[in-house]
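This is the structure, below, for whatever I ask next.
Every chain is named by a letter (A, B, C, D, E and F) in the order it is written, and numbering of its residues begins at 1.
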């Protein structure tokens, strides 16, 4: 457990608690490091047995678009990792309908299965969380 | 001279040249360091006897608004320094009319004398430069 | 109440660290506990012992160290983000420790509130 | 042609430094001269000798050092910005030197073009 | 829920995003360059006033004053200091920072 | 003159600012997250197409491809690589980066 939790042993207090964590991704990949380092947080978080959901809205929807090839900017293409999330039991992925529409993107453009929700539903989901981390 | 030029002696090649330098300020003060560090560049640049102009557009217009009091955010108020620019022979200050209008600002809100120019004139001024530095 | 903070930007470049500090100070003054402050992304640069701001400017790194000492605040720097950006034990300021991302999740679980400051 | 660059952001956090590097590499390959690269704001963090990215990632600092060595590019780090952010001679990577803002103006005067990369 | 906005609406889309994805009854706090979103007579004032009908809005006074905007804030936006910020965080169930 | 835009128009105002303050006949290059401004069928496509009537537009292909946008670029925007970027800088009298 120490390995996957980033080198710490969870104490008694945290072991019993299950909180709702939401990770909100609002930024495009590659232009800044937030998308990559947010993904690293979610992968670690998966080991803690909390209730995890991930949101992609605004330019964050570009993170999970198919067909990324980063060879010529000399940066690692981390988009395949989103497909691995399911194996970490991170299954609640929500994408903003309005953000998709503004960008002319369709569900078929995305490389993972997601639930597409409108702004009102997104606001409801957000309101229901214990901890919201936004990148 | 070494002192004011940041510790360097200008060589023969640079001594004879006079270029048009434009410093474009597009960001608000305090939220990021760009406004302050851009001002530091302009103060040094003044020692080089080049043709210097400064532009304030977009949120950059907020840099030169009167009445800034930074005591409670524990940061130095550098706005008085804009008034000192004249003493450094930096006299060409241009402010975007459209940026002022969108923000509901009037010339009277500004702490220095400036020339207010519209987008077309701003584009003309920019086009006329040898070196444009944008912060 | 137990409050945790996440800080995503470095010192001087963005106001985020200043706001986080002044928020933490106010929370401590009101008797709340600042459980842990986690430094991620460029936020890890808050822990560099080598910073030397001008005399008339605030010393951001020292402020954190002092807060850690006076109020027993746990200042945790993300190891992966720190290695990418050149923060290691040799230039780590007093009061900070380097550890894994699990510490951030743990802060989210243990604190009553987790507040993010960034760009 | 003589080209100068101004880099305003640190490594890994923003793509600006990557773009600047690939631009400089292409310019050198085409036979242009990269006269000087000036690192300002968080850009000074490009010169930290302590960075240690993951094995499968690019090493941004080393790339600059290598370029300086192979093509005699003058890599200048702004002293005031560097002190604020904890870059000093003791953690300055090979090929970089610390100097004043005058070097930026000088680059603007001497180079045929000055291109800014930032956030 | 408490939402914080720290970017100018002229520069970024975060205020608009926040208004669209926050619920009626939630609280919105303007901090740092976000305080430019709390001002009267700007391109964004009407959008903010409309949102104020269903949400409670706050602005961090130290940031307002730093920027010289103390006389320009929209009526009805409550000015608070860092202590008030802490109180809001304690009062609400969670905080979302629109960065 | 060459203008570079490195931010998404959805996130920042820099593309709009650039279009308003650049002259007819100038060149605009989309790089980094700026390439999202070069795409068809988005909220900003019409604004960009209108500007293309009087300005020459380029997009950095390595950035387009990194983001998986190779099939979505507006017709008439010229794709270039880093060498093409260098050529543009050399060709034009000065560069303004809209950061």
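Convention: a contact is a pair of C-beta atoms (placed from the backbone, for glycine too) under 8 Å apart; a residue touches a chain by one contact, two chains touch by 3 or more.
For clarity, every value in this text was computed on a predicted model and none was experimentally measured.
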- Message: What are the mutual neighbours of chain B and chain C in this structure?
- Response: D, E
- Does C-E or A-F have the larger number of C-beta pairs in contact? A-F
- Farthest chain relative to chain C (centres taken as mean CA coordinates): F
- Query: Comparing centres built from CA atoms, which chain ends up most distant from chain A?
  - Reply: B
- Query: Between chain A and chain E, what's the gap in Å when you average each chain's C-alpha atoms?
  - Reply: 26
- Item | Inter-centroid spacing, chain D versus chain A (mean Cα positions, whole Å) | 33
- Can you list the chain F residues in contact with two or more other chains? 6, 10-11, 13, 32-33, 62, 81, 94-95, 97, 99
- Residues of chain B touching 2+ other chains? 30-33, 58, 73, 75, 130-131, 134-135
- Message: Two-or-more-chain contact residues of chain D, please, as numbers and ranges.
- Response: 8, 12-13, 15, 19, 22, 41, 57, 80, 114, 116, 118-119
- Query: Which two-chain combinations qualify as touching?
  - Reply: A-C, A-D, A-E, A-F, B-C, B-D, B-E, B-F, C-D, C-E, D-F, E-F
- Message: Taking the touch rule as given, give the residues of chain A at its contact with chain C in the complex, in rising order.
- Response: 4-8, 10, 13-14, 17, 19, 21, 33-34, 37, 40-41, 44-45, 47-48, 50, 130-131, 133-135
- Item | Residue ranges of chain E touching chain C (in the complex, touch as defined) | 6, 31-33, 60, 62-63, 81-83, 85-87, 89-90, 94-95, 97, 99
- Query: For chain E, which residues count as touching chain B in their complex?
  - Reply: 6-8, 10-11, 32-33, 36, 39-43, 45, 61-63, 65-72, 81
- Note on the structure: Residue positions on chain A within touch of chain F in the complex are 27-32, 58-59, 62, 65-70, 72-73, 75, 77, 79, 102-104
- Item | In the complex, chain E residues that touch chain A | 1, 13-14, 17, 20-23, 26, 93-99
